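Down below is the structure, laid out as structure tokens.
Which chain is which? They are A, B, C, D and E, in the order written, and residues in each are numbered from 1.
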Amino acid sequence: MGSHEHSRNHSGPEPLAARVQRMTGLNPACCYQCGKCSAGCPMAAETTLRPHDVMRLVARDRLDKLADADGLWLCLTCETCTSRCPNGCDPARTMDALREIFATGKDGKPPKAISAFHKSFLAQVRAHGRLFEMGLIMSYKLGGGPMFADVTTTPSVLARGKLGLAPHNVKGLDEVRRIFDACAAVAAEEEGR
Amino acid sequence: MTELRELARRLLSEGTVNAVLGWEEGPRGARPAFVTTPDGADRLIFDHRCVHNLASYLSPRRPHLKRLGKVAMVLKPCDARAVAGLIRETQVPRENVVLIGVRCGGVVTDPDSDATLSEATVADRCRGCPDREGKLADHTVGTAGPGFPGPSHRAQKIEELAAKPADQRWAFWQAELEKCVRCHACRQVCPMCFCDRCLADKTQPRWIESSPHARGNMAWHVARAMHLAGRCVDCGECERVCPQGIPLGLITRKIASVVAERYDFRPSDDPAVPAPVGTYRMDDPQEFIL
Amino acid sequence: MDSTTPATAGGFEPRITAFVCNWCTYTGADLAGTSRLQMASNVRIIRLPCTGRIDPMFITKAFERGADGIIVSGCHPADCHYNAGNYHARRRFAIFRELMDFLGVDPSRITFSWVSASEGAKWRDVVNDAVTRVRALGPFTAYRNMVVVQATAPKSSSPEHAGEGEGLPMQSLAADGVAPGASKEVTA
Amino acid sequence: MTKIGYFPGCSLHGLSREYEESLKAIVAGLDTELVEVDDWSCCGASSAHGTSHLLAVTLPARNLAIAESQGLPEVLAPCAACYARLASARHEIEGDTDLAGHVNRILVRDFKNTVKVRSILEVLKGQVATIKAKATNPLKDLKVACYYGCLLVRPVEVTGGYDDPEDPSSMEDICKAAGAVPVKWNRRLDCCGGGMSMSRTGSVVRLSAAILKDAKAAGADAVVVACPMCHSNLDFRQKAMQQRGAWEGDMPVLFLTQVVGLSMGIDPKTLGMGRHFVSTNSVMARTAGTGSGAGTGTNKATAVAGEVG
Amino acid sequence: MARIGVFVCHCGENIGRTVDCHAVAEGCKDVPGVVHSVDYKYMCSDPGQQMVKKAIEEKGLTGVVVAACSPHMHEKTFRRAAAGAGLNAFLCEMANVREHCSWIHEDREKATVKAIDITRTIIEKVKHNVPLSTIRIPVTRRALVIGGGIAGIQAALDIADGGREVILVEKGPSIGGHMSQLSETFPTLDCSQCILTPRMVEVYQHPRIKLYAYSEVESVEGYIGNFKVTVRRKARSVDEEKCNGCGACTQVCPNKKIPSEFDCGLGKRTAIYVPFPQAVPNLPTVDRNKCLLFMNRAKGRPDTCKKCAEACEKGAIDFDQQDRLITEDVGAIVVATGYQLYTIGKDQPKDNLKGYGEYGYGTIPDVIDGLQFERLASASGPTSGKILRPSDGKVPKRIVFLQCIGSRDPQKGMEYCSKICCMYVAKHTMLYHHKVHDGVATVFYMDIRAAGKGYEEFSRRAIEEEGAQYIRGRVSRMWREGDVIKILGFDTLEGEPIEMDADMVVLATAMRPQPGIDVLAQKLSVSYDQHGFINEAHPKLRPVETNTAGIYVAGACQAPRDIPDAVAMASATASKVLGLFANEMLEREPTVARVDEGTCAGCFHCERVCAYGAVEHKDIKDRAGNVVRVIAYVNPGVCQGCGTCEATCPSKSVELQGFTDEQIWSEIQALGV
């Protein structure tokens, strides 16, 4: 218990629960730890942090424990947890908020593969306005994704005419980039907290 | 018009009713009329000058009408709301009155004027009025003009006033209330003011000072507004008959909008719809309460 | 804010009449006493059985008789000793408050609150806050002096307006056709 | 002819183009015209969702705003992921005036959030009678396992409750109208692994294999989906499942639109039946000979599948 | 002219320290009408009270104002003193200068000014006080008990044993309620039927209890002490006088496949039936929806079958019997309508109740609820007490109990805790283990709430001695695979997901009030909460009274209750009823509203705002007897004195005694500048 108390994050002026509540509009204290969310979670067998763990750790201000790479980022956003929660908590939305907190990089890091995938994906969208799948595969591999995992299948994908070889750029690219920049600015502001 | 007259004649000759209450041509425009004989039915008219809310004649304060027994009344859609109010508040037994609904596309502000109905002359309450006929009526006759789309001038004035600082509103109403001579015409003409003994006439205790100065006038108009909250049918009669030209419609309409916004209530011509004051919801908004 | 000279406003102590229900707020005020919670002495309580008994006329009469502010307080929703009196009062005063506001009475002169029998501290806060607020607004002479026909606007803070009335706004409205007829220019 | 806005999304122009091909092939028969959202951009998918809430709302909002300016009252998003993102964005903006203001400031548009977002199930559910009437080649003996996944019917706040989130029936109703026989099975609402196909293939293999096994145990000839991501996990990843020993055999995975298209007797090639990784020949064989012209269609499909296989 | 006496109390130092009491007394002397004004150390002391009495007698006071503590403290004291001196008690009022003044202010000068204000305000009020007298209402000393479950039975027996007549109305064909369905009861495991049946018989045989089974309350009028109740005696199609309860009719009825309500659908009954062998009254009832004869009648076909009538030696079967309406006068009513269980199906009575799709919406045959398990475990049940699952009659070797189904679940069910489930689930695991020795009982729970005498010991025994497996966590989903039920749960203590096979699942579903409780509550004008539970008048101090005087509440229609709670409440209502019946007349405070018949316009705004239904319509007739006006009349027996009517009355034609407009107006005037 001593170490537990010691490791609690007292440095920030705003407790995690309050911060999450501000971001989600939901009160993490609503969770009564019945575990129904985790019972239905498809990743419960793999992740180190099940939805009810996440709710508990948020309520107990344990950002340190939430940073586990095999935790939040394994969430598939299937929302089974939220849809079955008897008490109207929204673990899915809570985890969204936590990932957003961590995405700033200050408090913890998502696993490399997953973060590389998201980064590559969003980079494609920022560059073209739409996803350029070929570009995503290339950039993901270069950006730190498992190098050979999908190389064997890519040719067969091409053979089925599924992958376009050239990106399509939307006309409103300026607007798309403005969206990205504005959201980045908000994220930077959040990081400052 | 023929339809109306024939119906009135039939009701009178068959003895269904002893009188028909409607409008006739007067020396200075349209005026309310009591027709008691079948032949008299030909006097009846209905057009855009038939401004008056005849429902106030049904009020039990008018015993001479009560003596006539069962009567028929020519009914504009807006008057239907007043009749519904009187039925709702047990002042008029529904079975005692035959309602001849007339389809209506709006009336003018002044019944004495010979102006035609136009955007310039139409009564403010008709702007945006969605009702072309009253659902309460037993018979419905005539044809209706297309009506006038909003917006209501009073609503605009209310917004204008509300946007001003409180002291300017105060000054505005002081100037208006000072003019009131407490003739109580607003009370007499109002179909929903039917008490035998008005609060304003009660002396022990005297809540409303009787001399016509702004303070007593304030109390009177506050009381009137509160008593009509959720009951006012917006017939505009109080403002029309005010000899001093006080814009009473601004107050009643303002309260009507408050009731509409807070309690989602609009005056209805269905007597079964309860008025919003006298009922409540447990989750009524209470943002003003600490 | 009222049309009083700054000199009188300095030492001004508002008179506040409170209409409270017997079961919750009156008892809550009793509890404040039993707990020796100190508060401003400007409030005079009139005890009613229920907020449902409180008529808007009480408030206009109190203003006429010189009250600068009003408190109306009763049981919280669902706590009414008489089941529903407070719900009826809530509708009545929601409308009344908007009416007074529309007529130019600053709504912050009238405080509405739910204070339960256990909320002695809340009663103290309601009292102190109301006194502070009404003190800042100044005396409500505008209301009680209405009997003397006056052209002075109640809340002109700028001295040049005092005594000459709010001619401008009235005229501008009159010009719009809402308020025909000129206002009487009689000074108090 | 009813007109409805259409948001294809990146997948329907990429990995799952057969979904768009089959959709476009059937709407004509359903007396519906798709009006594509002008210059649409990516909804942000799970990557925006996993990175920034604001981004996850604003990217879809751009598309909804464009649809609004085109005067479209509703937009069909056939991709379940796009549907979830668009519908969630709409829902969140509706309930949060601050967020609405924020989004409008970023977009520099006067966006009123009037556009309703419809899923493919919602749209086809309303056409069940027409589908039944047009089913010249009903898929009589085809046993299908209707797979909903996570995003199509929940949460109810977002979907508006067009189907029961725990016991949905719209896909079964549509398949029945097409003459197929939906099987009763248990994992139709389980998650297939979603967007982790590339980043965490092992998880996808585990989850998707469990789904396929359950479908097989229930006697299904094919799994029907309405989501490109589910399709890619259940179809494309079957090879990986086999390699890792999680799954044996081949389970054809069809888009719902293909099922409807087949029942209408549309040429399987037009429906993109040949683009799947797991051969759909068994499906074609089952449906053969039940309607006019089906025989030739089947042959063609076999040929197409043969070419690429 | 008023002659008011003012008595200012120092309350020792309590008032005197901050308020100059003498100055207050002096400051009131010049108020017109005040003829006597004094201050004294302790007004409430005997000498203080003597001062008041003496002044009343010597100075001929017409009103008394005691400036002292809160009226909640000593109003009764001083009113009694005034009455002792011959002054009407209601001419005495208190000015609160302690709690509302001396205790909350420090500035002596300001506090004294305020104390004078307060006292003058009350002086002005008292000038308008009028003598009032306590209202006396006659009491009909008979009680109505609605609901024949254990709560209703207990209430009826206690009242009847106390010497008063009772009408007991039960909706179903027999009394006994849910308790008669239970096998054994926690925490003693005594047989439910064995302890209940004697009480049921006692009800039947009690000379002062009139039992109306298969009857419902049609309407209720009146008020405390004077209710008029109309009871609908539904047609049983059996003549009660003739029937001797031999049961021959039920033997011959050809329609034997009707799911038995008593066995929760697990057993079958006939169309003419006695719900269970110990039923009271032991009379058969024809279920007209299921009887062939009535089904034919509904289709316009001629009467057929009549086998029961042929079998009846007494000629007691009466197919033409009609519902009868019976009116009873009673002085008090006990509501004891009990509960129903939440069902997990798709069709729910309210929008906020959704059912549980993740548990199959009630379509999985071997998923049953707690009452069904009671019937399985009951020796008189459909399986004669063997635990057999409904689908194939096999003994389930793996049984899983899920707690909090529909309880503590604001999303799909009720937010409240149903209170009894923890205990009956523990009991079920024991009954199961006693009957299936090699079986495993697993319980998914959130918390074990075992607060009651012997309860914690009982639930620990289930775990420690009887081997129940308790897993802390809820179940996400449940489906049928072959003949097993797959359960997807989570053990929050182990931190592991659990996928488990079960042969049978028992859901501890939430307790809800009976359907139709809202309609009954409206008939009775008692309030109920958003779930339909009847509201008690005060959650702590008036737990068995309702907001309507003379109507009391017992058992699970007020909140989830177990048997001891329900019985305790029932006895409490009986003591309330007997207390009310102790006198022939009922005394009431005279703070009630009165209508000015001369000015009432008959708009009935007062009626709309009255929470008690105290406003009645009164006909005003002319000499010839014609009704000329209809006006409001406030029934003083029903009025509780809130005064909402008076504030609402546009013409101020209704006045609340003790708080009249004139009194309040005078108070406001007194505060004037």
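Simple rule for what comes next: a residue touches a chain if its C-beta (ideal position, glycine included) is under 8 Å from a C-beta of that chain, and two chains touch if they have at least 3 such contacts.
All of these numbers come straight from a predicted model, not from anything done at the bench.
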Contact steps required, at the very least, to link chain A with chain D come to 1
Touching chain D and chain E alike are A
Check: interface with higher C-beta contact count, A-E vs C-E, is C-E
When centres are defined as mean Cα positions, the distance from chain C to chain E in whole Å is 41
Expressed in whole Å, how far the mean CA point of chain B lies from that of chain C is 32
Taking each chain's centre as the mean of its CA atoms, chain A sits from chain C at a distance in Å of 54
Rounded to the nearest Å, the gap between Cα centres of chain C and chain D is 63
Two or more other chains are touched by the chain B residues 199, 207, 277-278
The positions of chain E in contact with two or more other chains are 358, 609, 648, 661, 665
So chain D residues touching two or more other chains come to 165-166
Touching pairs of chains in this structure are A-D, A-E, B-C, B-E, C-E, D-E
Touching chain B in the complex, chain E uses residues 598-605, 608-609, 629-630, 648, 650-653, 661-662, 665-666
Residue set of chain C touching chain B in the complex reads 1, 55-57, 60-61, 64, 77-78, 84, 87-88, 90-107, 111-114, 126, 129, 142-144, 146-151, 153-156, 165-166, 169-170, 173, 176, 178-181, 183-184
Chain A partner, complex, touching residues on chain D are 10-11, 13-17, 39-42, 44-56, 58-59, 62, 96, 106-108, 149-151, 154-156, 165-166, 189-191, 193-196, 198-201, 203, 207, 236, 239, 274-277, 308
In the complex, chain A touches chain E at residues 32-41, 44-45, 50, 52-53, 80, 84-88
Within their complex, chain B touches chain E through residues 60, 89-91, 194-199, 202, 204-207, 227, 274, 277-279
